[in-house]
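To start, the structure under review is shown below, and the notes come after it.
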Amino acid sequence: MIYITRRERFNAAHRLFRSDYSDEKNAEVFGKCSNPLWHGHNYELFVTVKGEVDPETGFLVNLKTLSLLIETLVISKLDHKNVNLEVDFMKDKLASTENLAIGIWNELVTPLRELGAELYCIKLCETENNFVEYFGN
Amino acid sequence: MIYITRRERFNAAHRLFRSDYSDEKNAEVFGKCSNPLWHGHNYELFVTVKGEVDPETGFLVNLKTLSLLIETLVISKLDHKNVNLEVDFMKDKLASTENLAIGIWNELVTPLRELGAELYCIKLCETENNFVEYFGN
Amino acid sequence: MIYITRRERFNAAHRLFRSDYSDEKNAEVFGKCSNPLWHGHNYELFVTVKGEVDPETGFLVNLKTLSLLIETLVISKLDHKNVNLEVDFMKDKLASTENLAIGIWNELVTPLRELGAELYCIKLCETENNFVEYFGN
Amino acid sequence: MIYITRRERFNAAHRLFRSDYSDEKNAEVFGKCSNPLWHGHNYELFVTVKGEVDPETGFLVNLKTLSLLIETLVISKLDHKNVNLEVDFMKDKLASTENLAIGIWNELVTPLRELGAELYCIKLCETENNFVEYFGN
Amino acid sequence: MIYITRRERFNAAHRLFRSDYSDEKNAEVFGKCSNPLWHGHNYELFVTVKGEVDPETGFLVNLKTLSLLIETLVISKLDHKNVNLEVDFMKDKLASTENLAIGIWNELVTPLRELGAELYCIKLCETENNFVEYFGN
Amino acid sequence: MIYITRRERFNAAHRLFRSDYSDEKNAEVFGKCSNPLWHGHNYELFVTVKGEVDPETGFLVNLKTLSLLIETLVISKLDHKNVNLEVDFMKDKLASTENLAIGIWNELVTPLRELGAELYCIKLCETENNFVEYFGN
């Protein structure tokens, strides 16, 4: 069993808020992250899969295939987008790093399995000081 | 003559577009950076000042004072904000990294001089692959 | 179950030595790290907590609260301090990275639980080439 | 139980290919990584060992000893070398990051045990976007 | 006048040697870098151009155009290649970082001028500890 | 004319204070950096030299020679030392980053010239947020 990780990046806008909260309540709970005019981040995404090394190729998975799959299913939906308004798998969810990591896991887990790789971890870095890791429930 | 640099960071939303362009023209010239629903970045800002070392303190400038000045005049106006809509010194300007660097220079050059430090360079990094440097005109 | 990590930093002096060793023995066992006139480091601390995402906020834990707790209980005691002489939770302990990581764990585990978050890992980096991880015993 | 990690680096040449594949097949499966005239990388190696803290020294393991062992058994064999042609423990293996990580594990696991440390993880970074982790089988 | 920098990366094999030196002389002058079986690096390239901001676009130069030009004229010739054997603009030159930086300058300076941008600096990093900067002669 | 930079690192203790100031005055001017029990840093040092490429070797200067000279004249005096108490070239000087950079310049400028390389810049990073550059007076 071996683990391989691919890093990808995307730049997106978002805000943290609940529509059933007043502006004051949103500001109190989410602070400056609830700015109604948005802010954004350079997100770093680390996708880790696990499996056996294929003795024919020496690979767990072809990195080009892995990268293309992440690009198609995740990055193209998030890069230079508004997480709250434009990302189908984040519809009606709070755009927190936690929920975004779980959403990305859900997008990737089945297609990766079809590729013969088992998704092990989604690590999502919002700033150099904060990151979230999700290993499935 | 010595040079000292302070790094600060801010997270902001922006878009690149001209209101006198059609949507098609904006997309053609600015690509995905013109997304009308915004995107954003973790900006890294490096402020370099130059001057003589004060023999009394061994400092060119007190870094806490320098940091506080950058925070007050620049970071507080940009962090968790929309560069196009909320930043006074970017009003009616294209929110490119180039213009943002020049805007930050103009905010800091006089107050730094009053502090006894001469602004030498504004370096502004938009992503790990792109940065702009401005040394005054 | 999700994991969230907060990075904090502190700059401190320390030395490695045993008072029951001769100077020669200290130099032999601890090398240049036993310099009696101290040396120091920019330590990087990564605090990882685990738990469930609160459906109300989308958060495992509010990062501002987490950061403030780490600042109050750990960083304020270590930053710009002498680890051997000034840090209550390191009294009578060898100031190794291992012991420092365990000491920080012990400071944080109960207060974090009261905050509703379970401490999962303390990662402490002494240089770019060395780090320690502690997950509790 | 505590975990300590030492980072080391080496620069090496390699290529991915099978001698029982035609050139076309190699290019198809391994892409530009199969260039017959080689390419190379700055590899970053993270060796993590686990164990108990020695109450006498505050160490899990003396880092200088750990570093010297990695240097002798691994780095000296790989640094400024051709992984396919010059590295004894990679003979007749595909020079993938996966196989290289497993090969390094096999070189270190027994000598580390004799040092009183249990090897926990080999993490090998080929580029800033790709890395492999191996924890033993 | 403003300066904008684009980072690109390539992975390549090379060796340092002179065919008019004996193997012993090559080893003496170039050390392990003269290994006849090659070694390699993850090179980081920073291309800095200078010019005026276009008031119409807010750009000094369109970064996508700049990146494409560097990719076409430099990266495609170097990435996953052997610098000594396969790179036209390094033919009959010692494959040192210095010569490689000068070679890249010469490839880019005229095409960039035709793009309306003046090449200011080529910075080429061979490892995390060494880099070369060339500003033209 | 080309520029080559070598990075070296050292870990040291220091404090900022004047013996002709009261403790209160030191705390007021230098803040927590004046802690009488010391603190410390992982300093990063970038030494840049300039000159012509030697057509025989392709080098401006042999990096191994450059690194050894910096190690002998600077790093061995600073690493795991107390800057205020143990460093000959900092005697009777305030241990600020500015003064340390100037002190390192003075140690290196003549020996580098004898090596045939002209010292161009000393860049000294105290933390990830602060650095000083000195180009000679």
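Every chain is named by a letter (A, B, C, D, E and F) in the order it is written, and numbering of its residues begins at 1.
In the analysis below, contacts are C-beta pairs under 8 Å (C-beta built on N, C-alpha and C of every residue); 3 or more make two chains touch, one makes a residue touch a chain.
Every value quoted in this text rests on a predicted model; they were computed, and no experiment measured them.
When the partners of chain B are compared with those of chain F, the chains appearing in both lists are E. Path length between chain B and chain D in the chain contact graph, taken as the least number of steps between touching chains: 2. Touching chain A and chain F at once are the following chains: B, C.
At the interface between chain B and chain E, under half of the residue numbers involved are used by both copies, so each side presents largely different positions. Matching CA atoms, the turn from chain A to chain B amounts to 180°, rounded to the nearest 5.
The interface of B-F is repeated, with over half of its contact pairs matching by residue number, by B-E among D-E, A-B or B-E.
Look at where the CA atoms of chain C average out and do the same for chain E: the two points lie 42 Å apart. Separating the CA-averaged centres of chain B and chain C is a span of 34 Å.
Chain F has its Cα centroid 28 Å from the Cα centroid of chain C.
Of all residues in chain B, those touching 2 or more other chains are 128, listed in ascending order.
Across the whole structure, chains are in contact as follows: A-B, A-C, A-D, B-E, B-F, C-D, C-F, D-E, E-F. In the complex of the two chains, the chain F residues touching chain C come out as 9, 11-14, 32-33, 35, 37-42, 79-82, 85-86, 127-128. On the chain A side of its complex with chain D, the touching residues are 1-8, 48, 53, 56-60, 63-64. Those residues of chain A whose C-beta lies close enough to touch chain C in the complex are 16, 18, 29-31, 93-99, 101-102, 128-135, 137.
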